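Got a structure for you, written out below as structure tokens; questions coming shortly.
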Amino acid sequence: MADLEIRGVSVAYGALTVLEELNLTVPDEEFLVLLGPSGCGKSTLLNAIAGLQDISTGQVVIGGKNVTWAEPSARGIAMVFQSYALYPRMSVYRNLAYSLQVARLPRAEIEDRVHRAAEMLQITELLERKPAMLSGGQRQRVAIGRALVRDASVFLFDEPLSNLDAQLRVELRVEIKRLHRELKRTMIYVTHDQVEAMTLADKIAVLKGGEIQQLGTPDAIYDTPANLFVAGFVGAPAMNFLSGTVQSAGPDLVVDVRGTQLALPKYARTAAPVAGQKVVLGIRPERLNLDNRLVGADCRLTVDVDVQESLGSEKVIWARYQGQQIAIKTPVDAPAVTDGAPLELNFSSANVSLFDADTETRL
Amino acid sequence: MSPMRVVTYAILIAAALFFLLPVYVMIITSLKPMEEIRTGAMLALPQNPSFEAWSIAWSQACSGVRCEGVAPGFWNSVQITIPSVIVSVLAGALTGYTMSFWKFRGSNLVFAILIFGAFVPYQILLYPLVRVYASLGIFGTVGGLVIVHSIFGLPLTTLMFRNFFVSIPTELFKAARVDGAGFLRIFWQIVLPMSAPIIVVTVIWQATGIWNDFLMGLVFGGREAKPMTALLNNIILSEFGERRYNVEMAATFLTALVPLAIYLLSGRWFVRGITAGSVKG
Amino acid sequence: EGERAEVIHIWTSEGESAAIREVVTRFEAAGGVWLDSAVAGGQNLGQTVFNRIAAGDPPTAYQGLGGRAYEDLLAEGLLNDVDATATADGWRDVLPGPLVDVITNDDGKIFLIPINVHGPNWIWYSKDVLEKAGVTEVPTTYDETFFAAVEKINDAGMVGFAVGGQSFQERFLMESVMLALGGRDYWNNVWQNRDEAAIRSATTTKVFETFRRLSTYRDDGAAGRSWPQNTNMLITGAAGFNVMGDWAKGEFTAAGQQAEVDYGCILPGDKPYFIVHADVMAVPSGRDKGRVEAQQLLAHVAMSAESQIEFNLRKGSLAARTDVDTSRYDACSLKGLASYSDPELVVPSVNMTMTPAAAGLWEDLVTEFFNDDSISIDTAVDRLADIVAGSD
Amino acid sequence: MNKWIARLALAPAAIVAFGVFIGCLAYTLALSFTSSRMLPRFEWVGFEQYEKLFASSRWQVSVENLFLFGTVYIVACLLLGYVLAVLIDQKVRGETLLRTIYLSPHALSLVVTGLVWSWFLNPQFGLQAFVQELGFENFRFAWLSDPKMAIHAVTLTAVWRGTGIVMILMLAGLRGVDAEMIKSLRVDGVPKWRIYTQVIPPILTPMILTSLVLLAAGVINSYDLVVALTRGGPGISTQVPALFVMEHFFARGDVGVATAGAAIMLLSLIVVAGPLILWRRIASRRQEAAQ
Amino acid sequence: MADLEIRGVSVAYGALTVLEELNLTVPDEEFLVLLGPSGCGKSTLLNAIAGLQDISTGQVVIGGKNVTWAEPSARGIAMVFQSYALYPRMSVYRNLAYSLQVARLPRAEIEDRVHRAAEMLQITELLERKPAMLSGGQRQRVAIGRALVRDASVFLFDEPLSNLDAQLRVELRVEIKRLHRELKRTMIYVTHDQVEAMTLADKIAVLKGGEIQQLGTPDAIYDTPANLFVAGFVGAPAMNFLSGTVQSAGPDLVVDVRGTQLALPKYARTAAPVAGQKVVLGIRPERLNLDNRLVGADCRLTVDVDVQESLGSEKVIWARYQGQQIAIKTPVDAPAVTDGAPLELNFSSANVSLFDADTETRL
């Protein structure tokens, strides 16, 4: 019901400037994920939007209204925190109802809203319990429920799942996705978990040092990272990087990576590479194939196998190329390789990324 | 400033005045001559402030046959307080450490009784204790006095240390055991160095208590080394002699200086220590 | 290395300190070594001494009140006697009979060293205040003259009668009234003979009535007022009368006032009765060597005429022995001495005839009655009878 | 091996617990059934000392005072300490100084505290006189001389001394409260006063309990302060059990009654604290079971 | 250098019995991973092995020596803890050297060993620092180093990586694997992270409620789980379960899953299914194919697509079959599907698991 605009917002803790002149627009009903390493300012930005953090310059506009100086409760937002932040001595019911009671809503209306939220989150049987008697996943649901009952137009999530174990995370992730579809609200979601980011987001904003490195769809972020940082930060195992030099920058782009000449006919350039330019060539582990027959594979690289890891559902082969470590992700049923033996890899030039070695931006 | 802020500061300052006023009375009275005290208002500032009462209190006021003020007690107090504080804090630390990391059957019972002991007026325990002391032959020695202070300090110091140790991950303790460190080594080399904040807290607590005690000192302590507070009490509690309030107040203030100084200097640690200790209730 | 004496006492104020030093100097001149253990506060002293005795490490001597507080200790053999010195120095000849009784144990031996005698039942007044208020007739007892004078002063905007706010002050006041209104025989009948008829007599009622009447003169600041503050009210001209032991003179003296010049003193009653309230030294037994010798030396020195007079001149009290040189006594001390020397005017204090527990209950009764109008005189008399009967 | 050293290390504490707190206490309490006067004497007299004790109006007043004083003192310290802690926690300037000021009364010995306050409360020299001199002739503040109010003067003084430590403990507790929860409350639009009256206090339960132990131990031992401030007066209006026991033990040579009084004090402690401890145990069990 | 045997070990905390009569043998040089949900007794078992936990019955035998009553330091073990458990007031050097100093080794020897370990873990430049000045990964390395210097014959790891973020975990995982290869020591490693378990273990022991559910190689655990619990616990997204009934138990096994008849000719039976038996059929998400052409797919199932998640490197399709949720993991380049549309899945009967619905054990 509301879009969100952040206009030139700066935030500083004393002498430390965490965000500087940040601009960001989130259209109505979009699910935006803020992704970035620890300490990059994600929580700070979220708090600034919520009004929990004084900003030194700039404006926060929600639904066309400038709320820069409004109280947190008057901004039409709801927020879910990493540590659940449940009120420890209140029952689940009161946890959900508390903000409505404070707002003096009629009793019937409160009950109705709480029960609706509880049903949606499947915590109806838990309403009488105290938070201490809930499991981690149930607590997180209550925390989300507390945001739900408020009927806010913008939902803010600050790493809501990071305290949970893998199984639960997957479950709740799906649930949040479903909520977004049903509620049709603008949501901003902070995480440093890539899987979460990739699966939940309509758009991802990758932050580093208080600056947005790239804003785009998950696929854009994953497939065409704007710079080395984004490329390395998203994906696990991380994108493989090979340093090289542009051999020829004409229509048929050729890069020399320590002795191997790679022609990249299908590479979609963003900037114009220059011959002799130092570059970093990136290729995702799952884009490296052992299978000769693969259609479209126009590049070839021979590496030495180091170790292999089986993840059950897939295999990771760790190899070396000229002292640089290379990860290869293959299906479990891919042909077997021998530790220590050389291995021939194929990949398509459509799937590589090229970065300037100095500016670290995509070419 | 918002109205809320103004109210906040107003209350805080009013409270500060409340806590300071009696101390203020104490100080200005010590600066007045007796005539002014006999006739003038107590809260009024001194007309002719002088430190005469201070010097009398420090080195001339009588407390029995000798009239040497509270000064001679200063070193005695220091000599009693330091070992008593060290031993009682160590005893609390060791007991708390044992109860936290080396639990065995009965250790919780001991703890429960100790806490119960915090509520027993210690004076009524003195008589049998004194008999035990006498039969052990440690009565009337500084060592004996140190033990008495440790005994009566034990419930609280143990409680504090135990609560603090709860916040130390047991894995650290386990790691040390795997590394081959024994009971005492873990205590000295691993646990104590981590306990600085809570040590400061208990030291403050015990030092204030022991510094201000004089009866235990008189009953259990040496014959000749009177603590400063014993002299102070002789000065202000004398029942059937004429009273010099300015001197009494000055003596009072001089005696309170040491604990006050400790509070001022370690206030930061005090807060931090309790905070650290209360991570898990 | 002479006889070492560790003495626990509560004489810690300036005047008291000077007084005890007179004994100390002479003790040391006689070859003794004085180890001073002053402890202010009677209860603190009690606790220290009690526990030290329990530990088998008693002091050489400790200060106490002449009275019955030593019976248990004597029964347990925890006290030595000083009879050898007392006999050699002829104490029995120079001390009044009631006092000799108090310091003699069941075996007929003297075991306490009387240091001084206080009269706790004095009325003091400020000549200046009385004059200002136009009081011409100075009362001699708690009669209408007295109350008239008090009220006259009140009317003049000052405090007529300054009441102290501690229970022991109230008790001294009560005992002063009791002796003044009842006289020596009545006093002895109540406290010594435990004569129920005397206790339930009209005199007792009168005493309580008077006492209650005195309570109505309390001013705002009376509660908790210590005796020095109380006395200071006379010195500064804020109040006319008060009742206190003769140690109050210390305050007058410290303020530069003179007996019977600036302030007056009255032993109230149809005759100037005098309650004997003696500070004594008790000498615990112990195995350490030299203890007995030190105790005997202390007894000898403390009871010497010279020590006695010098000590008491500074303390404001009377020498226990009656044969001392009284030329330096002030006017009030001389008044006291006259009464103290006359067997017809002297009565033993309650501590001397009652057990400490009973004396404590008495003090409780007095302070309760004084501060609580709802306690009727009949109830009070009943309780007094119980207390007296309950003391063995 | 280490286990034996551990046992050895706990031995002193065990000796203190069983020898001093149980043994000496049992010995002392045994005396309450004897005819002991100034010295302990094991001549059994049953409950005679207790009869004497309960016949004493002074004891009755003492017990009443203990509960009156104890309740008001504990409640006042907790409330005031909490309020000050909350206010200090609002990121005020000069926090360290304020903290030290609030704590400073704790550095003075109780005797001194009593003395200074008895002055301060004295109607003729103290606050009342001062305010009257300022021109407010009708100002009355003479608690010490009013038998009905005197015990509150004791309470006031004790609160003055005890609040600082409670404030520090509460402040420490507040600093441990989850910051995200506070943020969440703000987003939910919960006003501050509700946060501090409804949400926070239950969270501070451990701190409140610690303060309670501290304060309650102080109440039971409230002896020095009363002696120095009122000596139990006016009349017997500010008597407390500890004072009663001490005086009978050491000044009146009535060990039997004194120990009977001590026994009753302990009994009342057990009556008050017992259910509390039980409740704590059950609560912690339940919490364990829930996890 | 030592094998480890646990014989009938029981451990109880008061009334709560955590381990009961547990038996486990770890051959020399084996890397055993203990995997299980939170609270199942993994740490307890490790502590019992280390001598940090009193056991009520049973024996612990290390290298043929019964060490049940030996001090922790006398068992020839080294242990790494989840929370690092570094001594906070000691420098890294002293942290490493501490156990050697306690054992009164000669100074030179201590220095030598510490430096060797530090080099192996690449923390030589950190030796002078205090733990507070290290990053999470560095701390963990120091903790491992502390175990290394002791030259123990059995290494115990209690969730050593669980406090680290994803990137670092991958890194250190590889490092631990390498260490095992170099040191050739018996290692027991506790985790509840499946990826770690799969990649590190020679053998995995899956624990639940203090009992070993299955002990086997990672592949065995993953591909032929012994019971429903193991099947559901290992793998993310979890194995799909379809309840059904055995239609025919003869040579050609046929299972009816709510209306669809699935013939399972290639299923390798462990027990003999009976006709009419209620069963649960399990199939891993990555074994479900959209691609018709797949060789060996002999089963077919039509489901309704719910949501799709793209993980960048692969895609997860969430679907429903008769109200039961089904996850399908496909490569990114798999054919596109439409939300809400029906979808035909193929899979090989060689890759399913069959469990008895009541006993939950594998058939």
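Letters A, B, C, D and E mark the chains in the order given here, with residues in each chain numbered from 1 onward.
Everything below uses one rule, namely that contacts are C-beta pairs under 8 Å (C-beta built on N, C-alpha and C of every residue); 3 or more make two chains touch, one makes a residue touch a chain.
Protein names from UniProt, one per chain: A, E = ABC transporter ATP-binding protein; B, D = Sugar ABC transporter permease.
The structure presented is a predicted model; accordingly, all values stated were derived computationally and were not measured.
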| item | value |
| --- | --- |
| Graph distance between chain A and chain E, where chains that touch are linked | 1 |
| Neighbouring chains common to chain A and chain B, by label | D, E |
| Chain pair with the greatest number of C-beta contact pairs | B-D |
| Farthest chain relative to chain E (centres taken as mean CA coordinates) | C |
| Inter-chain centre distance, chain A versus chain C - centres from mean C-alpha coordinates, in Å | 90 |
| Length of the line joining the C-alpha centres of chain C and chain E, rounded to whole Å | 89 |
| Centre distance in Å when chain D and chain E are each reduced to the mean of their C-alpha atoms | 55 |
| Separation of chain B from chain C, taking each centre as the mean of its C-alpha atoms, in whole Å | 37 |
| Multi-chain contact residues (two or more partners), chain B | 123, 127, 177, 233, 236-237 |
| Contacts with two or more other chains, residues of chain C listed in rising order | 42, 47, 50 |
| Chains that touch, pairwise | A-D, A-E, B-C, B-D, B-E, C-D |
| Contact footprint of chain D on chain C as seen in their complex | 42-43, 46-47, 50, 69, 71-73, 76, 78, 165-167, 218-225, 355-357, 359-361, 364, 367-368, 370-372 |
| Parts of chain B lying in touch with chain C, wherever the complex brings them together | 38-39, 61-67, 123, 126-127, 130-131, 133-134, 139-140, 215, 218-219, 223-224, 230, 233-244 |
| In the complex, chain D residues that touch chain A | 178, 180-181, 183-191, 194, 199, 202-203, 287, 290-291 |
| Complex contact set, residues of chain D against chain B | 1-3, 5-7, 9-10, 12-14, 16-25, 27-28, 40, 80, 83-84, 87-88, 90, 92, 96, 98-113, 115-117, 119-120, 122, 125-127, 129-130, 133, 160, 163-164, 168-169, 171-173, 175-176, 205-207, 209-210, 213, 216-217, 220-221, 223, 242, 245-246, 249-250, 258-259, 262, 265-266, 269, 273 |
| In the complex with chain E, residue positions of chain A that touch it | 38, 165-167, 170, 173-174, 177-178, 192-195, 198-199, 218-219, 222-223, 234-238, 284-286, 307, 309-314, 316, 318, 329, 331-332 |
